[in-house]
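Two complexes follow with chain A in common, the first pairing it with chain B and the second with chain C.
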Partner chain A sequence: MAQDKLHFQVPAKTKTWSMAFMAIGAVAAIAGWLFDKTEHHQYWWANLLICAFFFFAISIGAMFFYAVQYAAEVAWTAQLKRIFEAMFAYVPVGIGIVILVLLAGQFHVHHLYHWMDPEVVNPDSPSYDAIIANKMPFLSSWFFWLRVIMYAATFIIFGRLFRKWSLMEDENPSVDLHLKQYRRGALFLVFFAVFSSTIAWDWLMSIDTHWYSTMYGWYIFSGMWVTCMIFATLFLLWLKQKGYYSKVNDSHIHDMGKWVFAVSMLWSYLWFCQYMLIWYSDIPEEVTYFKERYDHYMTGMWAIFACNFAIPFYVLIARDAKRNVKFLWRVGVIIFITHFLDLYMAVIPGTVHGHLEWGLGEHGHHITFAWWFEIGMFLGFLGLFIMVVTNALSKARLIPVNHPYLNESENHHI
Partner chain B sequence: MANKVFHVMYDDDQKLLHAAEKLVAQGLRVKEVFSPFPIHGLDPVIGVKRTRLAICSFLYATTGTILSILGTWYFMVSDWDWNIGGKPNFTWIENAPAFVPVMFEFSVFCGAHGMALTYLLRNGTLPGMPATNPDPRTTDDKFVMEINTEDNHQSAQEIESMIRATDVFELSIKDY
Partner chain C sequence: MFKESNIRKPLILGHKTYHDITQDIVGPIEGPAPKQWKIAFTIALIVALYGVGCIMYLVGVGIGSWGLNKTVGWAWDITNFVWWVGIGHAGTLISAVLLLFRQRWRMAINRSAEAMTIFAVMMAAVFPVFHMGRVWMAYWTLPLPNQFGSLWPNFNSALMWDVFAISTYFSVSLVFWYIGLIPDFATIRDRMTKPRAKKIYSILSFGWSGRAKHWTRFEEVSLVLAGIATPLVFSVHSIVSMDFATSVVPGWHTTIFPPYFVSGAIFSGFAMVQTLLLIMRKTMKLEAYIHLKHIEYMNIVIIVTGSIVGVAYLTELFISDYSGVQYESYAFINRFSGPLAWSYWSMMTCNVISPQLFWFKKLRTNLGFTFAMSIIVNIGMWFERFVIIVTSIHRDYVPAAWGEFKASVIDIGMFIGTIGIFFTLFLLFARFFPVLALNELKTILKTSGESYKNDNKH
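Entry: the complex of A and B
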């Protein structure tokens, strides 16, 4: 048997491709800025927010999963933990870009967040909005920015500590270190339980300021978790194809497939519950969110739900399908993209309202849907994400040496 | 030739697993294993085919989905169009989101009950059915492997000596 490759080296081709993607992203961003005729470049900023949040969400999803593995004392993922470490290495970059979008909003460069305008909450102003004014205790700028700082600090500090302890464990075997990770993993989950919801309220739900839903936080969280699991699975399959991870067997792949399947069902459940309860109760303050989507994006909304639910359900339900690399690749790529579109559907209707039309050319007051700009932005961020993640993965041993569950992970069999 | 049945008892599931691996490697065919719990990794050793229960469960659940669609359509739309909270009630599809919880629950109901019945029938463990395990201790902490002479070309003496070479707790040989 060939010697197991212990260190991952970023293939030259991957470097070239991720750079090329980033270049495409940069060109698309500049061209999109020039093309975008919306007020305050709202459309451009909305797309930046979608891409920034999507990849940031994958990285904190990875940190969440990593903490769960420690808190629940999971053995089979012991070999794979560097993949998740590499994925959450993107957290500082990701949150940096998100903060850039938020800062631009705070200084009124764009109006993605309607409530950031002080006129809206000024009782003497003609554009006074009583509903938004009622929400000001939560959305006031000092409290909003305090939360942003708390999120950034929590994710960056925990990420650095997890990584530090993990590398320390490679140098000297210590069960104490493992138990420390176990306790800190559990502590992180306490923070994450609150922040995963409040992040969704602050950065996404507040776009549709008049509307609120108590399930929205979980819906966004389950979406980030499933995209994280898809990315991790595809990344693992790719690494195995390159000859790494020779001790990762069918059972590991099967379990990763189970995660993609299970979390897809969690997402479908939450999506549908939120929709069904709002549809059934039919209260004006609740239906605004779906009214906007029904009026302008109905086909897209249902198509995305159908893809994200039915494809993983019917394709990945069988045991053989979860062990089949080709199936996993195809389903993974499809639902990775449709989960991106799901986030798109959460942001775009509330930011550009009904003014978006499909097709090219000017349509009176409407802006056109610039598919090349949106795909370019997505590819640009994908390139950035892949570059950061592969770089982080190459910085340490691919398989940890002193993890107490390593032997169990290598003998994983289901 | 009369059929001799060997009931080989072990006091540990790993002992049984290793014994089965050894005996199968020597060309013996193990007919059945009686154990208080599933033994991980035993099925491929003694040549048990992968279960098709999952396909059954899928079919039962699909039956449940179809029945619940028919049911909601008949009760809520066709027989008497129920007006609940002003929801559209003239066609099934307009009211479909309200029926999804019922469809989900009824699919789970049919899947679960179908599986429980299939399990009891297939194992012959419906209430009142006679027990088929050779020794009542296999429902407690002992593990029994059944080997027949009619399944194997070896003689009874050869089989017995092979079995004795494993870590046996108790061996009973019966003629049928």
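Entry: the complex of A and C
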């Protein structure tokens, strides 16, 4: 192609499909509400939390990766930075939905977070739980909500600043703008280092309230990072298919593939270490978490580890595989879904404990999960995510100008 | 043609030609040993001999000559072991991980960092080996068929995994380091005039001819070894951490240990690289190759890994209370307020608080400050292991069994002795080996050399 397409336009088909997915999601949500016979629609809310967190995590994962690119003086991604900017454009939407779920819990609409119930920590109540009461300094509502506000403010403010200065650079060739982003990237990483762990404790680990694991924060973080890399890779491949990014060559694709591979291995390493150490020492306080999963979700638990570790390991280890668009698409789609299942496995066992009552009428019947509802919700959020991200991508030049590493990025060759 | 961005600082300062690089790096090997080297070597050798003496005493008298007692069954020995293994990690990280990340600045430091790795792992091995007591039976750790009946190592034990992890790591690091040395040995061989030395370097260089075919294979094997070495960086210290984390001792058993140990290892390793290189660049006049930008990058790695370690400390501290398990909470209360609190606070100050000063560009580009900080981090990381090991077991479940630990002369002597042996080996390396990967450095001269970069601007 002689002339690179400078602006991305959302194809009409993409708009239609994302709207259709959202419609499917809405139908699934309404029907699921009617079918769900668990107390307080626990299952329905748990699914909403999974979807809300999953896509929010991808967007903050993108912001993390973006900040790393500045802080580590990375050149080859210079052309691709708008992709990550588009992905973290979802942050305000994503955190909004998460806050909605948390607010519903705070007002006792659902009981995903057992500790939000004041009876549990009231010593005079018959349902008093001493272990949870011990956690109350950390989980008390004022402190919990203070943290939520801090997360929202930090991610939204950094996201806006990154984007604003990135667009300013297109107009202004001054290197100072880049250096400012470099410092801001490093600063963001400081916040992220703390918040990535505390978010995992607050929103996910506290579901299994009695349980604790020091690894948990990093484990959840590695999952968000790998899903973010998969989405970015597939998004890039799709854009190239549509004729954009003609200066992105095989080496860039190869490097994206390497990231998917490497972070998949990081996730596998953390999953294995957490599991193995808990299994090995077999301490009652800790094994409860895996016991719950063993008893009700054994297949899912092992399927996740097998897919998220073995598939990227065996398929993507070869050099040529990481440059092969077909391979990347197939592996990417599979592990994107199995990483969704990983998050599913973090939330569902602790909230519905394998006893799901489901069906129309007065009482449902017992099932383990309702596949059409879950798929529908996932698709709904995927549609929303794609709509927000493609829309954000179309708002600015696809390839930045004046980025000091642009020339290195265009000549990237490995 | 590929042009490096102008905002990148040059990696080789001044105007250097290919010949200058050879001259600067091989020159010191060809000349007589400088006086400073002789003094340093003598001191290191004396300390090393003292250490060997302590080890001989230990073997003769037994493990009772260490300060261990029935409560504290592991102390300085394992602390030193973990400390040395940790130091080794930076070499592999620089040679393998930074190679995969295509960091060109690594070429100035990888050779000496890898040498440091190998010597550090050797020093680490001293402690578990001599802790066996009857050291002549050390081979019992290997799963060999034998005539002693049903004697077979316990594969369920993390200590056993450690034997395999460390020996694999050592072998791969050694091969990696050696392969890198081959072209540089050949360069020395070609220049050497003394016949005996020429013969030795000729054998060492494996008949390297510099043909394109040799270089292709060289690059391929480097990538393959980097691919193998990268998971090894993770596995070794993860398995070291499992020596503790697979137990049910509060303070030892925690799931974050594997990644947190790896990060701590890289942190301490980079500090040791700084200590060694800051002296070496000065005495061997390598300031053009290892300059402020390299030092700054290493300091940035120190902030990053130090902060990761800091997050891990705070996570452990937080979860110990959040868990609601009284033994777990007490292990940490005892750490920061018990009789060994001084060691906990030394660790916190040295590892978490002081490296944050590197956020100031003025400080992280200051050589004196960097040197002081590298020593502080080395001390802090020694304390980290001491804190984890001793404070967790000196007061565990049953208060009647609580005890104290006091290091004996032999404990201290062996530790100082290994530092002496380490420096002896490193000084020998600096004297007879090319301390920089000179042939690799030449590949970046035209893109990252200062005078070439300046020409590009016009």
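Heads up, the rule we're going with is that the second predicted complex is superposed on the first by the 400 of 414 C-alpha atoms of A that agree within 3 Å, B and C clash if a C-alpha of one lies under 4 Å from a C-alpha of the other, contacts with A are read in each partner's own complex, and residues count from 1 in each chain.
By our rule, contacts are C-beta pairs under 8 Å (C-beta built on N, C-alpha and C of every residue); 3 or more make two chains touch, one makes a residue touch a chain.
Nothing here was measured: the structure is a model prediction, and the numbers come from that model.
Enquirer: After the chain A overlay, clash or fit between chain B and chain C?
Expert: With chain A aligned, chain B runs into chain C, so clash.
Enquirer: Counting only touches as set out at the top, which of chain B and chain C does A:I283 meet: first, second, both, neither?
Expert: second
Enquirer: Counting only touches as set out at the top, which of chain B and chain C does A:H413 meet: first, second, both, neither?
Expert: both
Enquirer: Figure out whether A:R163 sits in contact with chain B (first) or chain C (second), or with both, or with neither.
Expert: neither
Enquirer: Classify the contacts of A:H252 with the two partner chains as first (chain B alone), second (chain C alone), both, or neither.
Expert: Once the two structures are laid over each other on A, A:H252 reaches no partner at all.
Enquirer: With both complexes superposed on chain A, which partner does A:K322 reach: first (chain B), second (chain C), both or neither?
Expert: neither
Enquirer: Is A:H339 touching anything from chain B or chain C once the two structures are fitted on A? First, second, both or neither.
Expert: The answer is neither, since A:H339 touches no partner chain.
Enquirer: Tell me the contact category for A:T214 with respect to chain B and chain C: first, second, both or neither.
Expert: Once the two structures are laid over each other on A, A:T214 reaches chain C alone.
Enquirer: Per the contact definition in the header, classify A:L270: touching chain B only (first), chain C only (second), both, or neither.
Expert: After superposition on chain A, A:L270 lies in contact with chain C alone.
Enquirer: Could you tell me if A:H41 is touching chain B, chain C, both of them or neither one (first, second, both, neither)?
Expert: A:H41 contacts neither chain B nor chain C.
Enquirer: Have a look and say if chain B or chain C is in touch with more residues of chain A.
Expert: C
Enquirer: Which positions of chain A sit in both the chain B and the chain C interface?
Expert: Of chain A, residues 280, 413 contact chain B in one complex and chain C in the other.
Enquirer: Which residues of chain B touch chain A once you look at their complex with the stated criterion?
Expert: Its residues touching chain A are 40-41, 54, 58, 85-87, 97-98, 100-101.
Enquirer: Enumerate the contact residues on chain C facing chain A in the complex.
Expert: Going through chain C, the ones touching chain A are 2-8, 102, 231, 234, 238, 242, 245-248, 253-259, 307-308, 311-312, 315-316, 318-319, 322-325.
Enquirer: Of all residues in chain A, which touch chain C in the complex?
Expert: Where chain A meets chain C, its residues are 73, 75, 130-131, 134-135, 138, 175, 178, 190, 193-194, 197, 201, 210, 212-218, 265, 269-270, 273-274, 277-278, 280-281, 283, 285, 404-405, 407-408, 411, 413-414.
Enquirer: Can you list the chain A residues touching chain B in their complex?
Expert: Residue positions touching the partner: 272, 275-276, 279-280, 282, 317-319, 413.
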